[in-house]
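Just so it is clear, A, B and C label the chains in written order, and each chain counts residues from 1 on its own.
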Amino acid sequence: MQDAASTIAIAGVENSSAHVWRERARLIGRNVFPFIVVGAIWEAIAWAGVFPERLFPRLEEVAWTFVELTLNGILPNHAAQTLLRLFSGFVVAGILGVGIGILMGRSRRAEDLLLPIVSIVAPIPGLAYAPLFLLWFGLGNVPAVMLVGVVACFPVIFNTWTGVKAVKEIWVRSAQSMGADDRRLFRHVILPGALPYILTGLRLGLAQAWRILVALEMLVGVNWGLGWLIFGARELLNTDAMLAGIAVIGIIGIVLEKLVFQKIENYTVVRWGMVTA
Amino acid sequence: MQEIEVTDVSLVYDTPAGQVHAVDHASFELKASEFLCLVGPSGCGKSTLLNILAGFLKPSGGEIKIGGKPVNGQGMDRGVVFQDFAQLFPWRTALGNVTFGLEMKGVPKEEREQIALEQLKLVKLEKFANAYPHHLSGGMQQRVAIARALAYNPSVLLMDEPFAALDALTRDDMQRLLAEVWRETRKTVIYVTHNVAEAVYLADRVVVMSPHPGRVKKEVVIDLPRPRDPLSVAFLEYQKQLLQELGEATAKPSARQ
Amino acid sequence: MTDVAAGAGAAQRKEINAAVARSYWRAAASIVLALVIYEGVARSGEFPVALMPTIPTVAATFYDMLLDGSMIKHTVFTLYRVLFGFSLAMVVGIPIGILMARFRPVENFMLPLVSALMPIPSFALVPLFMLWFGIGNLTTIIIVFYAATFPMMFNTWSGVRSVNPLWLRAAGAMGADEQKLFWKVIIPGASPFIITGVRQSFIRAWIAVVGAEMIAASSWGLGWVIFDAKEFLNADIMLSSLVVIGMIGFLFERLVFGSIERATILKWGMVRTARN
């Protein structure tokens, strides 16, 4: 949507900036409209009192709670804890995934040994082995981060492996004919050649880490974190706090998707004209 | 009576940079069973004109009549063959692709498969009736496309550089095959190409177009017996003449708008 | 240019067969190796037996659970929930995806909502739905539905949008009306994306059902039994259920979706268009 807006803006250079602004306003309006409709429906149901108010609060109450919890630092603190876990887990996933993926892509023996195991474990939902993990490694932050890392590393492994395998033989040969040794071949040909795939893998891994983390925080028994916040809010029937927490989760999800990864992709892969997705 | 009458057809696009005359007052006529080639450099509007004839685009002015009736949108009186191999439906076999038009007409299954098989025989592909397009080579896919466009028996065949994406040898084969198919079916054909030798080989008459704006520059009747010999002096003379016309068309774009 | 891509030559085929045989061999070897390592660690006594049972113990537990019918009941419950929610997601997601691609106003309305809701992990809604719908089947099914709908919708939408315009033109030239165009061209043309969507949403649904059963526990279901077993340190029950979860996921992925793919987009040579 934003892309469309900027294209229109560029196409109409000769047009007055007033026109551009009107166009932009129209676009924003079009994107906001559905939320107004859904919000209005929500309000109508809340006002009609179909459900008890504790379970179905009005939107302004949710907004108030959101502001209140933000100002007194509770919401930011939970969010920060969750993000810290997310990124630590993601770093673990990235290192594990890229490492194993490259190993599998470059060495036949590693591929033979690891691929079957990776293919068996990858499709099992991460939460299914979460309790086993907790049983073995205990409750708390470190097991949670480790678990997020393990669950999220599979898409990274698969994509890195595919990427390394997809590096064009012709690039390898021409680099070799220009005298590149193994180390430089890896650094200057294989890594950049596989990068589009690795980025896709990291992106999928981050999305997976995010999805699993929220559930984990409900199960693992940590004291901070958005998952814990909304799960705890249930006990006290604080539906408004819960919805505020869900809103933050949604915002973080969108920001991760739109800002972090689309940016990275634009800066590297799209610039090289290598993206096909 | 003329089979196809194209009278003063124009197509003007509005773009941020102003109006573009893709086709500017083009006029020509075809007799029934005539083979006409539209030749011109890229941007001369030949493909646009074909798309107007097929009914995919609406002209901003002028009129087209086929069999005396004005053209309004797509119709089963015309069969269309595109350049892109992807025009075939990948989820249907060669036979399934050829039966499509008959299926739309409501012809019963057995009958349409019989007709389709005959069409495939015409393009020498009856052995591959049950193959899916991705198993066929480019040349074969284009032959299926020709059979598909002929199957529901339109009076006019519109072809938009159907062999341009093929290698040179296959293209020669295809041209021979098309000449044969045309001799047997006697369809009225409008064939767009930028390849002069191809035009001389296939056409009764060649319409040369010039770009910016897209205009009909010249008509050349190819008066050669068939089958034609591409190495004969007369053939080469025609080729030379057309190349000259094309050169002028490209070199002297008339004043813009 | 060869007239037909008839496939690899005999020598090449032999080579491929040898490679396939080799990969099966190595796969078996690597799995056996992994199991042996596990067994070795389990028997070493480094960990309590309750936490890391030996493979025979797990097998015995698995067998017992099969015999007393509890494992089957758990599986049936889980399958019921996942298939219910997943089917609902298809029934809702595919038509909406099609409508979005065909009608501008629907797209304008739905796309912002989809983009906003899709990044919210389905598990974040479990506590809310527990409040609204209680503990049990309904909440789990709705979570599965929520998780599975968006990939379905999104893929169908992009599939219908990416139908090659040339096919539409060709079909139009051959006299296809709107309805025929839709059923005979747009649906098969979008099928690679729709099938990818079905696949993705089943994976999501499968993850969602296990997680939702854990959090919104009732008293049956494979996810629930794993979580419940943690309380009693029954690692053997956990591992048995884990095996069943893995097998069901594998069966669906390979047998169900694999054969759907083989019968459609693989046969038509349309795979590459959807996988990016």
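The rule is short, and it goes like this: a residue touches a chain if its C-beta (ideal position, glycine included) is under 8 Å from a C-beta of that chain, and two chains touch if they have at least 3 such contacts.
All values reported here derive from a predicted model rather than from experimental measurement.
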| item | value |
| --- | --- |
| Most extensive contact between chains (C-beta pair count) | A-C |
| Identity of the most central chain, Cα criterion | C |
| Centre-to-centre distance between chain C and chain A (centres being mean Cα positions), rounded to whole Å | 19 |
| Chain centre separation in whole Å, for chain C relative to chain B (CA means) | 47 |
| Chain centre separation (chain A, chain B; CA means) in Å | 51 |
| Where chain B touches two or more other chains, by residue | none |
| Sites on chain B touched by chain C in the complex | 54-56, 74-76, 78-80, 82, 84, 86-87, 89-91, 100-101, 103-105, 128, 131-140, 148-149, 152, 167, 170 |
| Footprint of chain C on chain A - complex, ascending | 1, 30-35, 37-38, 51, 55-56, 112-117, 120, 123-132, 134-136, 210-212, 214-215, 218-219, 226-227, 230-231, 233-234, 237, 239, 242-243, 245-246, 249-250, 253-254, 256-257, 276-277 |
| Chain A-facing residues of chain C, complex | 23, 26-28, 30-31, 33-34, 47, 51-52, 108-113, 115-128, 130-132, 203, 206-207, 210-211, 214-215, 222-223, 226-227, 229-230, 233, 235, 238-239, 241-242, 245-246, 249-250, 253, 276 |
| Chain B-touching residues of chain C, taken from the complex the two chains share | 1-5, 164, 166-167, 169-177, 180, 184-185, 188-189, 191, 264, 267-270 |
